[in-house]
Every structure is written in structure tokens, then in C-alpha cells.
Amino acid sequence: MRVKARAVLRTAAALALLALGAGAVQAKSVRWAASGDPNTMDPHSQNVGTVTMVLQQVYDPLLKRNQDLSLAPGLATEWRQEEPTRWRFTLRQGVKFHEGEALTAEDVAFSVQRALQPTSNFGIYVDTVDHAVAVDERTVDIILKRPDPILSNKLASIFIVSKSWSEKHNATRPQNTRAREEMHTTRNTNGTGAYRLASREPDVRTVLARNEAWWGWGVEGNAGNVTEIVYRPIASDATRIAALLSGEVDFVMDPPLQDLNRLRAAPGVKVIEGPEVRSIFLAMDVNRDELLYGDVKGKNPFKDLRVRQALYQAIDVQAIHRTTMRGQSVVTGTLFPEQVNGYVKAEDVRLPFDAARAKALLEQAGYPQGFSVTLDCPNNRYINDEQICQNIAAMWSRVGVRTAVKSQPLAPFFAQIQKDDTSVYLLGWGVPTLDALYSFQSLLAFRNGDQGDGIWNYGRYSNPRMDALVQRMKTDTGEARQAAITEALKLYREDVPHIPLHHQMIPWAMRSNVQIPHMANNQPYFRWAVVN
Amino acid sequence: MASALARAFDSDLWWSFKRSPVTVASALVALVCILGALLAPWIAPHNPFDLATLNLGDAFKPPAWAEDGDPLFGLGTDDQGRDVLSAIMYGARISLLVGVCAVVFSTLVGVAVGLLAGYLGGTADSLLMRIADIQLTFPSILIALLVDGVVRAAVPREVHDQIALFVVIFAIGISAWPQFARTVRGSTLVERNKEYVLAARIIGISQVRIMLTHVLPNVIGPVLVIATLNLGFAILAEATLSFLGVGVPPTQPSLGTLIRIGNDFLFSGEWWITIFPGIALICMVLSVNLLGDWLRDALNPRLR
Amino acid sequence: MFAFILSRILQAIPVMLVVALISFAMFAYVGDPVSIMLGQDFTEAQRTQLIKDLGLDQSFLMQFSTFIGNAAQGEFGLSYRLSRPVAQLIGERAPATLELAICAASIALVVGVAMGVYTGLYRNSWLSRAFLTFSLVGVSLPPFLIGILLILIFSVWLGWLPSFGRGEVVQFGWWSTGFLTWSGLKALILPAITLGLFQLTLIMRLVRSEMLEVLRTDYIKFARARGLGNRAINFGHALKNTLVPVITIAGLQLGGIIAFAIVTETVFQWPGMGLLFIQSVGAADIPVMAAYLMLIALVFVGINLVVDLLYFLVDPRLRVGRGAAGGH
Amino acid sequence: MPPILEVRDLRVEFPTRRGTLTALDGVSFDIAPGEVLGVVGESGAGKSMTGAAIIGLLEPPGRIAGGQILLSGKRIDNLPYEQMRRIRGREIGAIFQDPLTTLNPLYTVGRQLIETMQTHLPLSDKEARQRAIGWLEMVGIPAAAQRVDSYPHEFSGGMRQRVVISLALCAEPKLIVADEPTTALDVSIQAQIIALLKTLAREKRTAMMLVTHDMGVIAETADRVAVMYAGRIAEIGPVRSVVKSAKHPYSAGLMASIPPLDRKVDHLAGIEGSMPRLSAIPQGCAFNPRCAHVFARCRIERPELLETGSTRAACWLYDPASEKQAPEVMRHV
């Protein structure tokens, strides 16, 4: 994995600034805003960015990430693969939870088991785990169902929670958000992290206070000086930006693209940007025999490769990049960006934009007059998601595919597409494990009931070759595994189950006195943040 | 009162109209708005609903007179490359359509209920007026929100998209009928006991006809005033609902929708996307309100 | 007096019942709680059990009465979106909305009545004309546009006032107040003006026309003929008579403040009930919507009661049987 | 004795958007102390306007455009508002037509009385209250000591008019302008109120201008009477003379309509047509289109009040110069 030079520079700058201000111990508060509010504080209930961005300040995983997203020791100081299906983790000494309990191997085993519960939303990170056992006070073994080359990467997303605390508060399994359940962990936390939850008013404000006793403050690199984090959700773009400009907020994670130029020009405000490991694409229903939402009767045009190619080539993605994304996107022809393990530059090639060719392909496929279709779209999940859909609707309409955009907030949108109730939809996919398997397994494997396979494949793309390649990614290592990934990427280009659009770039906007390293997983790590 | 209608349109009204430059100006503005809206399909420079004519390359063009302006797009373009002027004309069409239909709807309901209540009297009267009173205690925008919300939740999304316009009209219209009903009822009560109505009754003219031919003409003046003033409110209510994202469907953007969309670009320098629809909305509502004010004063000499 | 209050409360009961019926219908049928709660994977047994647990197998009347019983105790179940008791959610946000509404209402009433009286008394002064023009523009400006413009001017350009949220709040038991801190007060200004402005212009126009109406009455002419001073006539006789209809309509207008709070809270991200409501609408969070509806109805019934009481105190004609009220 | 009120050539104009209307033109009369002057005429003849001009409460945009009004020999038509206010109530009392609307419904009658007296007289609260009760007794309100704290709606119409009278008199003015004080009342009560007014005026030696279109009331109450037509005085003279032998053709017609005590004078016996609108007052004598005795001069020149013996009438029939012209119709009067 390549280390990002910019990130290193930035860290160096942050450290230098910190050195200047060292010794001055005073309250350094960061007021932080983004559009959404976490819907729970349970560490294993919701695998959603908005939840994680708060909880990862409070909870530690066994392995943490460096600023380039590479792995670093977290609660585990050492880890190794003892056997193909058994990993051993040695825990850090002297770690205490916020409520005072000492961290033990039991807690770690319990947390892994907790993430395995049916109500957990983190199953994808422990899909290969059979169970976890505490060997002694400081040693945990994780037993796998099958060999897993990327287990350590996955475990960096599993938070460790206190067993005794969970038992005391009747929270031994994750909160079931689907059953509208409320439990202690909905609003309370007890982690080992750099910050503890000081107060929480859902939808209004969440206050985190610095945990001076955190084990990591002495560790090299964790040089943050922030003593208090006040998070407030501000849904309206205009309001959020106005708040940053007027100094009521110090840090905005999701500034609207159209405001970037203004923010850059504004005194006292700066914008840092970097790529996000999140790719935006359109997925088509290639399973049904009849088009669900459209005027084609008796057949499903998306089952015809030529139609998929036509729609692909009808999209002027550069125009979207230039106008709607204001340059803040990386146009792509593949499934994930280069930060992800398995990326192959040669496979990152798009079908060219060519409206005439698109029309010709449609005609060949038997749709000289085009057809009509409904494009399902979220309107508050990805950067400019609704506008992108409208752009595409216009472009498709120009080649005769009359497209109606049906955009809705993420909750009803996900509820709908998760029932496979769609003909074509826009989705953005982040890769927290930074490994190709995560994308292929969720998005393109056939849904066979296996943990994690095809769970986000709502176009129900099914190709036995792809399924076989996914299986090889799960078990193979080294060159063989990369070969499988490369072949899968090639197949992805040939089959066109998706129309890839771009990888998101994530700008963060903040007051000039805030230094925080930009992270490609779109997560702020306040342990590295410096305020002066 | 018997000659209210005749008086309303004789030279007095025309004279007071001509004498008030503000009224003449607002009538002109209203006329421009209405014509622009009605004739949009023929005179608008572009058709913002025809996706096939949109070109993303045209997006974010400033107004024609600005530095990078394009004479093709007089008031600039939005994020989709839509011509703002055309979008405003089509949007005003939706706004006006919803406003006028809602007012017509509430007028019909209100006048009918008012006539009935005033004419029948007794239990029917007190029941109808009690309902009107109860409804009057709730602000109309809340009623519109609720009606819209309930319908939205009750019917499937696909059906809702098709009937959304009617739902908004109904929601706004139903929230305004009590005002009409009360006024009409009051006038009806006065007219009911006049000799000519009694006489008409005695010679056996049907009750409906009496109401329509004798009572109704007498209440047209005040009803017209309320209707005009309500038109402004109805247009604003629609804009507010659309701004909150629960109004007309986004496939048929009204002025309120345009403002909501444009609001995202207000701070980034692309002010024309929201300011022009905003100005259009204000012009429309202000001119209608000014006309309503004038009409009220002109028909009610005591206020002069 | 007591009988009067009692009769008003009795009259309010059918209103509340109708509202409760609507809420209940939303709760029970529109949201389809069973499929929402079950999610995707369930067995028929689970489904039957849930239907039984929710009491959906009982008769309509039974369900409705249970709903009313629960509602009377403030029990509306859990929010679908936030998985927390609805009553708690609303309780947390009610202070924000109420403080905002109270401020907006005070602005609207004090300034609106003052401007209305002024324009009524001095019909032809240039200031009256300015006020009238202002009010007409105010009535024609949608509140959301006013909010956006105020933010643009006072928060972004001038940087004087915050553009969102409540600032620092002080907690008194379950009530959180922004009145006691400087930042809380500053945060209140723009939303309160935005929310109050529309009502202000309406109240001003209302007071003006009532004032003109009253100033034309015989008893004002007679008061002049008796040689009473202008102050006594304008502020004693005229204003007090103006207040009678103004109280009624102003009371209704204040109800409008609660409704328009939804818009204002959206623009200013004010953490009140209106914002909660709109967020719930977006997420089809039926329990919150139903509870909000009930609460709003209750507030309106309350406002009406207060209006009636004020009416009762101001107008002696009402104190002896309402039928005897003759007059103008 | 000098007159308490002198009205000299009073002219009231209403500027309207269609030009200026002359509502009163050349109105002149006197009222002596203790005297009751009845003012009669059809609706719109300018009776009430004359009263309003005297108490200085013309409805805008009406204004006094000419002439003078003198109270006890001092001009009051050009006084500033504040000085005029001190005269109203204190020196000139007023009684309006409808007792149901004349009283402020939100204040007790006692409070309204006390307020009026304290505006004009240096009275303590206690004295004022005592006097208020006294006044209520004087106008015949039973149990005045209790009723002083009642609200207007708790009184009947007749009782309310008594309260109004007490309010008009409580600061003991020298002149009362009573504008149709009985019109809105039941017939049975009208007589009582008229009797009360008459008694009080006599007792307090208060002069009164009694505006009415009810000739019966005039005949019973007034010492002298002025007949108004289209903003001008048609005839003025002792009540007996006018009633018995009116000289002006209009007065004559008007008197012929006595005594429809219970009906308003809408149509005058023997006179065709109706009073002209202010915007269309004919040249010459305003009455000429309806007059049975009209002749050429009537259509050109406006007649001044001319001595006719017992009364003064504005009619060319009584100008010796007119004798030379042939009347178009035979004289009946």
C-alpha cells in the first residue's frame, strides 16, 4: 500500500504546530457539524458512517488505522496467524474503560461474539469468524470458519466493549433498530477511547470529553490537543455553511460542493480535500424477466448487454464531474478506487461517452424508440446524489430512454431497494476493509444466504464465474488472490452489471485554527486534531 | 346591497382603479405574471420539462448581462442546465394553477356551505358553523401539511406522484373555506328576511333558485375580495409546502420548489437560481395582495 | 366563570376526539406498523405474535380506546427513527419550540399592536404609509425566504448573530432554557423575528382595521363630544374595544406561529418540535407524527380557552349569559 | 339677552374625488339662552351636519369653508383642537341618535360619567361618584346608587338614552346639541325622553338645538324651528307660525305630513320627487324642480332668507321684486 505523501506532510505540519503550542494546557473545544445524526450509540448495531464517526472517538478496536489507513496496534499490541483458521491477539496492558473497568481478554472475546449476534450490523467484518476465546488475561484467540486473508483489516472496524458493563445493563446483544428497540446502549457508551461521551441529545448535540487516561496519548503520533468535541447535526446545507462562516462551528465534514469556492475565499476558513474510498455507480435489475418500472412489457431490456452498454455510453461522466461535482470526483471505470487492495490500473477504463453509439446499440437491441424507466435515487446520502440522477435522466432521455427520477431520503430508499423493488438505482459503496473482496462479495456475488454474499446486490446480478472468483478471494492469498481480483475486475467491465461513475472526493471545511488530517474513509480522528 | 354587483363594476370602481398608480402597476405586474405563466409553452425560450433538450454543459450560466452570460439564457441556468427564465414561467404556471384551483375550490365549498347554513338556519346552521369555527382555530398551513402528509402516507408513492397536484390543491383549498362560509352566511341571513325573498318564496320559486339568483349576487363583492386576498395566501402556502419538500412533485417544479433547489446555491455565488424565482414569487403575491387590498377598499366605501 | 370554563372544556372534548381519531388512524393503518417492525425476515408466528402484542387483533373500538388511554398518559410508543419513547423526544424539544414561539408571539403582539394602533390613529402620516407598505411586503414574503435573507445579512455578511441552533442552554429539570445565556439569547433573535414577522404584519393590519372600525363608532364620537382627551379616547376607549376582536384573531394567529415554527425551525435548524416533525415526515416516523398532531391540537384547545377567558375578562357583555351580547 | 349661539353664514364643504361638494351653504341662525331650536328636514338636508359643525366634530374630509360660529359671542369655529375639546362637554353637550351604540360597552356608566366630569370639573373621585349617582337619579334611573356600576348592556334602550342625557349634561353645558335623540327609541318611550329633555333644559336653563325629522317632537318641544333643505335653511321662525302657516312651499309640504309620529318622513305629501344629491344641487333655489310655484327667477338666482312676517323664508315668492314677474302657477299659500 502506498503511503500518501500529502498525509505525511500534513501530519508533520500538525506536529510542528503542536510543538509550538506544547505545554499550554487549556480547554480546546471543537464544534463539529455534519448533516446527519447518529441514530444509536450502540457499538455493533449500525454500520453507518454517521454512527462510526462518533463512536470511533469513544471505542477502540483491536487494531487502529494510521493516517494512510494502514493498520497500527490498537488494543492489541501484537497479532499473528497461529494456524490458517486461528489468530492470536495480545492485548495492551493497563487499558481501562471510561467507567473504570480494566480491559481483559474476556471483554474482547465478548465484543467479537456480540458483533456476531443476529441483531449486529457488523456481520460482514466477522463473517469468517466462528468464535473468539480468551486464552488468558491478555490473550485472545479468534477461531475462523475458513482462512481469511484480510481478517486484521476487518477487525479494525470492530469496537471493543466491556463485558461486565454490557451484562449489567442488559445489553449483551446489539440493539435491534429494526424492531424499534431502545436499550441502554442507545444513548450510553463505555469505551476505552480517547474521548468519552459526556452528553447526548439525539438530533441536537453530542458532547465528547477528552479521556486524559487514554492509553494512546503517550503513543507517538497521537498528538491532538482537543479537550472537548461538540457535535451538532445541521441538516440544511445553507445553514451548516453559514454556521461555519460565522464561526459558530469549527469543522464541517460535508460542505456542499457548490460552496467550496466561497469557503476557500472566506477569511478564517479553509478547505482540505482528499479522495474518499467510496464509488458511485448505477446498478440495473438484470434478473427480472419483465421491466418492473417502465413501459416495456414482456421483457427486461437490462438483461440485454447492449442496452447496458448503450446506457453506459450515453453518460457524459466528464460533464457531471465538471458541473455537478465541481471537479470534486475521480471519474472511474471500475468498482473501487486505488486505495483499495486489489485495484488494477489497467481495468480502470470506461466505455467512452458516445451518444450515437448508444442509440445504435439500443436500436440493435430492439429499442429504436427507446423505452421509459424509473431511476431510484437517494437524495441525502451521497454528494449531490439527486442532481447526479437528474443529470443521468437528461442524458438517457437524449438517447431515447425516457427516465423518471424517483428520489427519496435514504431510509425509504434503502427500504425499497432492499426488497429488490427497483429497475435501476444509484448507489455509493465505501470499502472500510480497504480490500476488494468487500465490494465483490457484497455487490456482485449471488445472494445465497451466506454471511455477506450479495447482500447489497439488489440488481441480482448472477454469474457463476463471478461467484467462483469471490470464493477464491475469500481463501486464496498472495498472487493467486490478486489474479482472482484482476479477473473479477475484467469480468465486471465485460458484463456491465453496473455503470460506474466516479469515486467521491471528500472536502472537509474548517476554521483556520483547526488542524485535522483528512482521511480517505471520511472519518475524522480527533486524537490527531490540533486547535490553536 | 341589492345593487352591490352593479355598483362594483360601474365607473366608480374603474375610477378608483385609474386613480391609484400602485393598483395599476400591480395589475400590470399581475397581468405579466399571468400571461407569462399561461403562455409559457408558447413563449418560454426553452422547455425545462423536456429532459432531452437539457445539456449539462449549459449548467450554471449566469444571467445574460453578466460577464459569462449567454444570450440564449436570459436569467441564467441552474445546476441541470435549465433556463431559469423558462423554469420560472413554467413554475409560475404551477404556482398559479395550484393557487387559483385551491381558491376556486375553497370558494365553491365555502359559498355553498355559507348559503346552506344561512338559508336553512337551525341545527344545520349551527353544526356547519361549529365545524367552520373549529377549523378556523387551526392554522391553514398546518391543515394543508397534515392533509398532504396523510395522503402521502396513505397512498402508494406511484399513485401519489400522479395525484400530488390535486392533493396540494385540496389541502390548501380545504384550509380556507370557513372564511367564505362565514361571510356568505352573514349576508345570506340578512337577505333571507328581505321582502323580495319572502315574496319569491310565496310565489313558489324553488329555494335553490332563490339562493342562486337573489342571495348569491349580493355576496359576490365580499367573496371576490376574500378570494383575491386568499389567492396570495394560497400561492404562498404552496410555495411553503414545496419549500418543505411536501408540495408539488419535483417533476413539476413550482416557484417554491425552484427556490428550495436554488437555495443550495445561494451562498456559492449562483444567486440567480434562487433569487429570480424568489422575486417572481414576491411580485406575484404582492401584486395579487395589492389588488385584493384595493378591491376591498373600493368595494367598502367606509374604509376610504 | 367556572361554568363558562367548564363548558368550553366540554366543547373541546369532541375536537380532541376527532384529532385523536385521525392520529390513531395514522398510527394504526397508514404506517403499517407490523411490517415496519418486523423488517424483512420473519415467520408467520412472529407476525401473529406481534399483531397480538400490538393489540391489532382487537376490535376497532377497543384499539381506539387503548390508544386514547395511552395518549392521555403521554404514551405514544417508540419512534421508528430514533428508537426512543416519543413522549421523551417531544418533551426534550418542546421547550425549544415554546421559547421560540413565546418570543415570536411577543414580538408579533407588542410591535404588531403598536404599529396597528399607530396606523389606525394617524392614517395619513408618512410613517403609517411606510408601515402599511412594510406590512404588505411582509404578508407577501414567504417566511422561509425571510429566514434565508436574515441569515445572509446578519450571520454571513455582518457576522452579528448565529444562524442556527439554540446556543448554550441551561437545564432546569426537564426544561431547557436559552433565556439565561448570552449565546442562547443571541441565537433566539433571528428565528424569533422570522417567525414573528408574518404574524406581526397580520396583527398590525388587523388592529389597524379594527381601530378604524372602532374610531368610526358612535361611542367614540360621543366620547369626543363629551370633550374627553385624545389619550383617553384613543388608548382608553378605542384600544380597549379594539382588543375584543383582536384577542380572538390574534389568538388564532398565535396558533399560526406554532405551525410556521416548522418552517422556521427547518431554516434555522432550531432543535424544536417542528424540526422533529419534519424529520419524522421524511422518515415516515408515524408515532412521532401522531403524537405531534395530538399535542398541537391540545395547544390549540389551550389557546382557545385562554382566548375565551381573556374575552370574558375584557368584555362585560359576556359575563351575563352569552346570548345577551348585543352591540356593534 | 345676547344669544348663546350664533351661526353666521356657515358653509361646510366636502372635497371629494369628483370635486368639492357643498354640504351646508349660508346657514345662519341664533339660539338664545334657555331656548329650544328645532331643526327639521329630510335625511341629508344638513341638519346633523350643522350640529356636528357646531360641536366641531365634522367627519373628515368635511370642513368649515366659510362663515362663523360664535358661542357666547366668542368664535369657536376656528379654535385649535385642544381648546375646542375643552368646550365640548363643558359648554356644549351632545346627544346622539342611538343610545345602543353611543355608550362604550366596556365601561360602566358610572365610570363614563365620572370620566366626563373629571375632564371638565375639578372633582375628587368621591365627589364625582356622588354626582354621577345624582345625575343618574336626576335622569330617572331607579336605584341609581347600584346602577352606577352597571354596564350599558344591562340597561334598556330608553334607560340608556337617559344615561346619555346625563352624560351630555353632567358638566353643565350652556348648550345641548341633540341629534335625533328619540328616533331609535320605541314610540312609548320617545315621549318620556322628550319630556325629560324639556324639563332638564328648563331647570338648568340650558339652550338646546334639537335636530329631528319628526315634526311631532318639534311641535311639542321647540320654541323656534328651522327647516332645512339641501344644505340651506328654507325657513326659520317660531314653532307655532311654521307649523300652522309655513311660508316656504317646502315647509308647507313638510308640515302637511304631521303627525305621522311613528313614521319617518320619506315622502312628502303633495311634493313630487326627492331632495337633490349634494353633487347635483340645481342652480337658483334648490327646491325649484319640485316646487309647485316655481318661476323663472327661482331657476337662476338663489333666494336669501326673507322676512315674511312671522317667519323668515328663503323663497322668491316673498321678494317684493318678484311680484313683477308672473308666477307660473297660481299661488295657493
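Chains here go by letter, A, B, C and D, matching the order in which they are written, and residues are numbered from 1 within each.
Everything that follows uses one rule, which is that a residue touches a chain if its C-beta (ideal position, glycine included) is under 8 Å from a C-beta of that chain, and two chains touch if they have at least 3 such contacts.
The model shown is predicted, which means the values in this text are computed figures rather than measured ones.
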Query: Based on CA centres, what chain would you say lies at the far end from chain B?
result: D
- line: When A-B and B-C are ranked by contacting C-beta pairs, first place goes to B-C
Statement: chain A and chain B have mean C-alpha positions lying a whole-number Å distance apart equal to 47
- line: In whole angstrom, the CA-centroid distance of chain B from chain C equals 24
Statement: Chain-centre distance (mean CA atoms) for chain B and chain D, in whole Å, is 51
- prompt: Roughly how far is chain A from chain D, going centre to centre by Cα mean, in whole Å?
  reply: 92
- request: Could you list the positions in chain D whose residues touch two or more of the other chains?
  value: none
- prompt: Which residues of chain C are in contact with two or more other chains?
  reply: 148, 152, 156, 266, 282, 284
Field: Residue numbers of chain B (touch at least two other chains)
entry: 263, 266-267
Field: chain A-touching residues of chain B, taken from the complex the two chains share
entry: 50-52, 54-57, 59-60, 79-81, 157, 161, 250-251, 263-270
Field: Complex contacts: residues of chain A adjacent to chain B
entry: 237-238, 241-242, 256, 258-262, 316, 319-320, 323-324, 387, 390-391, 393-398, 402-407
Statement: The residues of chain A that touch chain C in their complex are 39-40, 175, 177-182, 186-187, 201-205, 232, 234-236, 238-240, 242-243, 245-248, 409, 411-412, 418-419
Field: Of all residues in chain D, those that touch chain C in their complex
entry: 55, 57, 85-90, 93-94, 96-98, 100-107, 115-116, 119-120, 151, 153-154, 164, 167-168, 171
- request: In the complex, go through chain C and note every residue touching chain D.
  value: 217-219, 221-230, 232, 237, 240-241, 244, 314-317, 320, 324-328
